[in-house]
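The following blocks contain the structures, represented as structure tokens.
After this come two complexes, each holding chain A, first together with chain B and then together with chain C.
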Partner chain A sequence: MADADEDVIQTPSNAAAQPEVDLSDETQDFRFLNHLNFFADASPSIPRRGEKDFEPNPTELQADVLSASRGAMHNALSYPRLHGAKTRVVAFYSPDGYIPPVQPDRVTPKASEEDGKSSESAPKPPRPLPNSARISPDACVCVPSPKGQFFKTMGQADSSSRVWLLPEEALYLIERGSLDIRWPSPSGFAAGPGEEDLSIPMSLQAAYACFMGRGDLTLERYSVYTGLKRLGYALIRAPGWCDDIEQQDVEASNASEITPPKLHGPGLAGMLGSLFNWIHDPRSTASTASGPIIGTGIHRHYMDVYRKLAIIPWYDPATAPERHPSDTTPPFRVVFHVYKPSTPFKKSAPPTPDFRVSVVSTRDQTTMPTMTQLGALLESTPLDPPRGEKMDRMMYMRLRHGYRNVVLAVVDQGVVSYLRVADSAFGKEKLYENKGGPQGPKRNRANYKPRKR
Partner chain B sequence: MDFQPDLPIPISYVSGRYLLFSIDAVTYLRREHHICGVLIGTLPQIPQQNVFLGLPLELMPEEARLLVDKGVACIVDEAKAHDGMNTLLEEDRRRYLRDLESQGLHVSRIQSDRKERNREQTLKKIEEKKAKAKAKASAVAAAQASTAPEESSTPSPKNAAIVDLFSAEDPRPSSPSTASTSVPPQTAMAITPATSYPPLPTPSPSSYLPAPTVPPSYPLFAHLHSKGYFLSPGLRFGCQYMAYPGDPLRFHSHFLVVSYDWDQHIDLMDLVVGGRLGTGVKKGFMIGGAQRGIDEVDSEADRVDTVRAFSLEWAGMHMALIFPRKDSRAHAPRYRVVLA
Partner chain C sequence: MTIDSLAWVFRMDTPVTNMDKKVAAKSGPASDARPPRAPRPPRPNFRQIHQFPLPVNVHHVPPVIPHNPLSLISVVLSYLTFLISPPRQEVYSAYFDKATSSIHVTDERSINALWQMGFFGKGSLSRSEPSWLAREKKRRGLHDGKTSEEITRLRRTERRELKLERARMEKLAIEETLKAEAAARQSGASEPLDQVAQSIPRDDTTNVTAAATEKFSLKKAKEARALEARQARELAAQNAALAGQNQIESSSNGKSVRFSPVVRKKEFLPTSPSSLQLPDSVVDSFDSDDFPNEEHLQLSNEEAFFLVYSLGALQIYDAPLKSGEIQSTSPTTASALLQQFCHHSFQPARDASASIQPDDPFMISYTVYHHFRSLGWVIRSGVKFGTDYLLYNRGPVFSHAEFAVIVIPSYSHPYWSETEERKNYTAEKQARSWWWLHCVNRVQAQVLKSLVVCYVEVPPPAASVDDIGAVFGQYKVREFLVKRWTPNRTRD
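Let's turn to the complex of A and B:
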């Protein structure tokens, strides 16, 4: 392995290449958690990275340090999930999904009272429908009296202002100790005032057993959800969440299957095709065969020459038509819309997402996506051209931002890596159009020009 | 801490993955069997960060398989086991709820004790400050009285304010203290337990699932594990497994491990890429595989003995050869031959 001398050689380049260290990259020493007082009111801060040893040796010191680390880890992980009387939010698990509120008792007396107001009772029954239609069929946890900040970005309220949580939302809340989920009590949905409450609190283990796999929730999707949630992002399911969206519009996808890629214009894959077409096209190669590419005329400007030299066709992402998510192949499909903490988020009318995330499990998908898969994934996202003063000024930022983008969350056994894939339009950046030739500090150097001539 | 759980330890099979929820099992497997897994849960005490994570622990199928083959663990279908929740007897429910309540009482007692102690400490601090301030104030007053009585017009209101503040605070500690001790007369805190076993009975051996199916890299995994290495998933670092010489809590990893089949054609570029990557992060790039195929032996365990592993390291030679010395004016060569 590297010795001290090599360290000296490598440090400058390493420091430049990786200015920041992601603490979550590596297993951290849990002893540093000991410095935090968990019962303190002030929110604890995260300790700094600790030093590790190179290899085990039979010293007692090392054994002691290791057992102290393990002890600290044990303590940190055995911290209970507690619900104080004031902050406690109780929820009920509903194995059969959404249950509409017991309305007959409440609505019918009202309707009879309002009978005098003519046929008002007729439009009333359908009223709860739009509300209950909004509740996802996957929702399975009901919060009768929601309170706290979490319900700003999570859950869907029904007509009697109970909030219904999706499996991942419920699991996230129970895991962070913010929700007390109860098994449905044997006597009924919720114990009445007089009855003894025999509903048992759901354990974390039970929550995983019941919610995982429900409504297409996989452990990988959940890892991404909870990892981003912990960092403060707001997440909602994207239309591509369900694997069987094809079935909803079979006819539409069938139509596109009969006439493959060409219908979609120059897609990423179509670009390759057009390149081959171009090579075999006798007319465009004719000029190169008969004479210089740029022709024999008089050229007054370098721009004309460059323009004529641009013979390789390129793909313009801006002109590619948008594709329906059903055109994508399952792992490479947007499943989450992610919002930065700074984005004003309203769960009834979610704004345009800041990021679109697709989740890939390394144990189910062991190869890189093909060009077709990736192209379809990108084209299923809306056009997001680089805009703004900064983007107009900086070409490399424009290239990096691209015209469409998607974040691939690759989950390897609980370890998540995020990759941003963007559709850059290199063909749109005409370097020769930059006024004054090459830009940058080189121009100012006096010794640069002499070397060239 | 040196807790010994009952064997075999049940590993929860949830939606195709292998999870552990019992902290005792996690600590025990880490200490005795060098199985670390990956923590994927949120720590309830510091929930808004990703550096320290909590239960559950996700195990690779390789890890679960190794433990099952050793007879240390068994696989339990957790969704099926939790069907038993509906058929729980009323008596059992009552007993369980009582247990939880007494635990909750215990926790709230500890917390109120702690609060009390904290309060006493801060009170002490305040009193000390007060005494200091008084001493200071009296010293200042004495000094002012001795020098010039006119100059005391500006500082004196300030001093008075400080004294007022403390005197106003004086009666306060006594009244809230009685309130705080009397208002929460040990209301039990509600607890969300980590596991479902107390209320559920321990699963019977007949309900165990078969050993997990493992990828072709398993023999190399098991081989390195048998040599004392701690292994963790490595895709983030560009390999299949990271091999640590000791517990990753205390040691950096030494190898980036990639497994190949015995007769598999290895692309030279893969070796170059892996070797350069490993050397770049001060680790060795290790490749290996089992000599015997799965159809030639009775069990996976037999293949482990036939594993061979090789480690690649990028030697520093080319740096010395190609980079010109500082004193020479020669330009760096246009092309570098890295591997002939």
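Let's turn to the complex of A and C:
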């Protein structure tokens, strides 16, 4: 018992200092839900979580608290979930994928032959949008009149300003209750108010049956998508989404030429030092064949000793060539580009992603990646060297950041564990050259004692 | 001590003192908030003790000052002294113990040197630094001061007591509530029971219960302890004034708190952290001044091979050395040692005639060991945190390990995928389950270490292993830093 509880690091009181504790892991005290006002428009204050009891005790107080919490949860769950008349968005399921808009009767000569305009439905002045090519072949749900915040980051608009949703986007929205998908779809999506009544709403079960497995969407990928989406991230499919992506540029994937570590000669020795070095040059007795590597003579500086010790080659991520995603082995391949909520995101021109996520199912891929698989995955991401004022000062931070990085989402039967994998090159940070300055944020300076050595 | 080494000390000193000052400045305001802690005994001057990062003598060239021709003379002099009487590189000796498959160092001077310069090995009866003799002397009252093991034990006892105190206070609070509820039930026996339940308003439950079920933090427990101690002291003073007979009565009156049996037992533990006191008679029977050191330094095979092959600072014999006796057998050569260690990296040890395979566990672990040592890290076994290695900056007495390393072989060379048999073999060797990775990762997060997954690329079998340097030059190390990503916290 002594080891069980006392070897745990004493965690500081403020939550910000302990990044590993995930609040979502705890069982919640649901009484705070009572304070959420579902109907009021005024922004409510964020409810505080209650204290946690670890054991049942015979007090009535505890029983009351428990039942109140349970009641609050049921109360919150019993809130009727409706499609509001104002925010209702209707979509149509298109089992055959993207259908170009119907050619209207009159086509303006200016418009391109394929991109017609539907002057009846579009209130804006007709303008041919050359983006129907951008609609993914996997898109299968059409929203004739998109409104609301969701379409800022989701869907692809075609020439007649209809938005086409990918299966995961449609599933996310229907699960959220923000979309009403109709089927069978009226011919040509004319979206007249009369025709809408002929179709029937798609149930959630039907949506799962229709969308799961469509266009390489797996349940694991969807778990990652919906989990991150609910947290406010914006996600788009990465080029590595399809397993059979065509190899575009072969020349990029030519044999990776990796430079061996540079074995510097003693360049720091003074002029006189080099002059006198012949007297007792340890190099003369040095032998990597049978040791000792550093030789038996007089050593002038520990730096020279360490330099001589460097006989093990190491991988240098900075000089490795970038690979095409097709070089990677399928589960270890970037499938999502993830953007923080704070990143300004434009659907038509997505910026550089904040995170690159690869989704792995533990039931299909039971083992950790081998070095080849992981190396290829990292080399398919762009170089992101540790730069910046703070990074330059702190070696530990540089090592933790690494030169390339990727997020592995390991899905084990619906439970997603995210791992950030970075290519850190210890060989690039010569510790022996360090003069003992600050290495990185000492995370536990204040309570020095309890940490384990 | 020579001038050169003094210069080295001086160089080492400057940045470290700065760091210490910073620490002092940082801990200043924090210590105000907390109750004053008992002053810690001064730490030994680790900077002085561990001034050399490796057990290798380094002789600095005295600096040449251009406008001072005398400095030139000192340089020439230093070279002349080396020319006339070259300083000898200290070579320590040890022996290989087949039973434990490790290297034992029994010579007192070698033990100290290997520990102080580069933190090699561990004491066979200690946590890391060989401190058994100091502890034993202290136990016999010959020596005072604290070893790191004792500090840890003291800390654990203290925290354990605080936790018991907290549990006791929680229990008290529960009893109070129960009493209050019983009283409420009795007084309101006429009114229906469910009204009592409703006396706590539904909407304000959070606020009410937040106040009622307020947790007792360790800090509070500490405060309560201090208060109790003061009360006890007052009580004792009172008792001293009173006659002896009254004493028992008043103390039983004064303490209304009921202790749980565990706490009660705790109270009567001896204050000394080393509760394993030998009976006096046994202690007396020893000659208290002089007793042999039963502890030896134990080097891992990687450490020993590094000292022998890379630094040439160690000689390894097959049998234990007798003091004063001149060794009849010659020390094991580096290549023979490599053979031996490779065979002993299997359990049970392989036959001596077996040839070295490129993926023998020792070859892989030594590659990683040498790699990190050559970069200046103090690399020690990570078995206490379930990893292969821990990386310390300068050494375990200076700072906590920042990185924990797990080693995985990699067979990416085309040789390993030539036949189906080799493919199966390497697949099995490389396989690590996700659960295992998650387990290791969570432990490292809990002990605030960064997890480094270190892959070692295994070359195809070599024709000969005569040139050790060439053999290890074919391996390649690649490090990946793995950290749990919490999407909740990276949103900004």
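A few remarks follow.
Rule of thumb we're sticking to: the second predicted complex is superposed on the first by the 259 of 453 C-alpha atoms of A that agree within 3 Å, B and C clash if a C-alpha of one lies under 4 Å from a C-alpha of the other, contacts with A are read in each partner's own complex, and residues count from 1 in each chain.
Definition applied: a residue touches a chain if its C-beta (ideal position, glycine included) is under 8 Å from a C-beta of that chain, and two chains touch if they have at least 3 such contacts.
If you're wondering where the values come from, they're calculated on a predicted model, not measured in any experiment.
Taking chain A as the reference chain, the count of touched residues is higher for C when chain B and chain C are set side by side. Touch criterion met: A:Thr296 reaches chain C, while chain B stays clear of it.
In the superposed model, A:Thr372 makes contact with chain C only, not with chain B. With both structures placed on the common chain, the touch criterion links A:Asp64 to chain C but leaves chain B unconnected. When the two structures are aligned on the shared chain, A:Gly414 is found in touch with chain B, with no touch to chain C.
When both complexes are overlaid on chain A, the residue A:Tyr306 reaches chain C alone and has no touch with chain B.
Of the two partner chains placed around the shared chain by superposition, neither chain B nor chain C is touched by A:Ala349. Applying the stated contact rule after C-alpha superposition, one finds that A:Glu429 touches chain C and leaves chain B untouched. By the touch criterion defined above, A:Asp53 reaches both chain B and chain C. In the superposition on chain A, the residues of chain A touched by chain B in one structure and by chain C in the other are 2, 6, 9-10, 23-24, 53, 62, 65, 71, 227, 231-232, 362, 410, 412, 417.
Considering their complex, residues 12, 15-16, 19, 22-23, 26-27, 30, 52-54, 56-61, 64, 72, 75, 79, 82-83, 86-87, 89, 128, 151, 155-156, 159-160, 163, 174, 177-178, 181, 196-197, 200, 202-203, 205-206, 209-210, 212-215, 217, 308-313, 333-335, 367, 370-377, 384-385, 393-394, 396, 399-403, 408, 410-412, 430-434, 436-438, 441, 445-448, 450, 452, 455, 457, 466-470, 472-473, 475-492 of chain C touch chain A.
Residue ranges of chain A in contact with chain C, taken from their complex: 2, 5-6, 8-10, 13, 19-20, 22-24, 31-32, 34-35, 47-48, 50-51, 53, 57-62, 64-65, 68, 71, 227-228, 231-233, 269-270, 272-273, 276, 279-280, 287-302, 305-306, 309-315, 340-342, 354-355, 362, 366-368, 370-372, 374-375, 378, 396, 399-400, 402, 407, 410, 412, 417-427, 429-440, 442-446, 448-453.
On chain A, the positions that touch chain B within their shared complex are 1-2, 6, 9-10, 23-30, 33, 36, 38-39, 43-44, 46, 52-56, 62, 65-67, 69-71, 73-74, 76-85, 88, 172, 174-181, 183, 186, 198, 200-206, 208-210, 212-213, 217-219, 223, 226-227, 230-232, 362-363, 410, 412-415, 417.
Chain B makes touch with chain A in their complex at residues 1, 12, 14-17, 19, 21, 23, 26-27, 30-31, 36-52, 54-56, 58, 60-61, 78-79, 81-82, 85-86, 88, 90, 93-94, 96-97, 100, 104, 107, 111, 114-115, 184, 187, 189-197, 199, 215, 232-236, 245-252, 254, 279, 282-284, 313, 316, 319.
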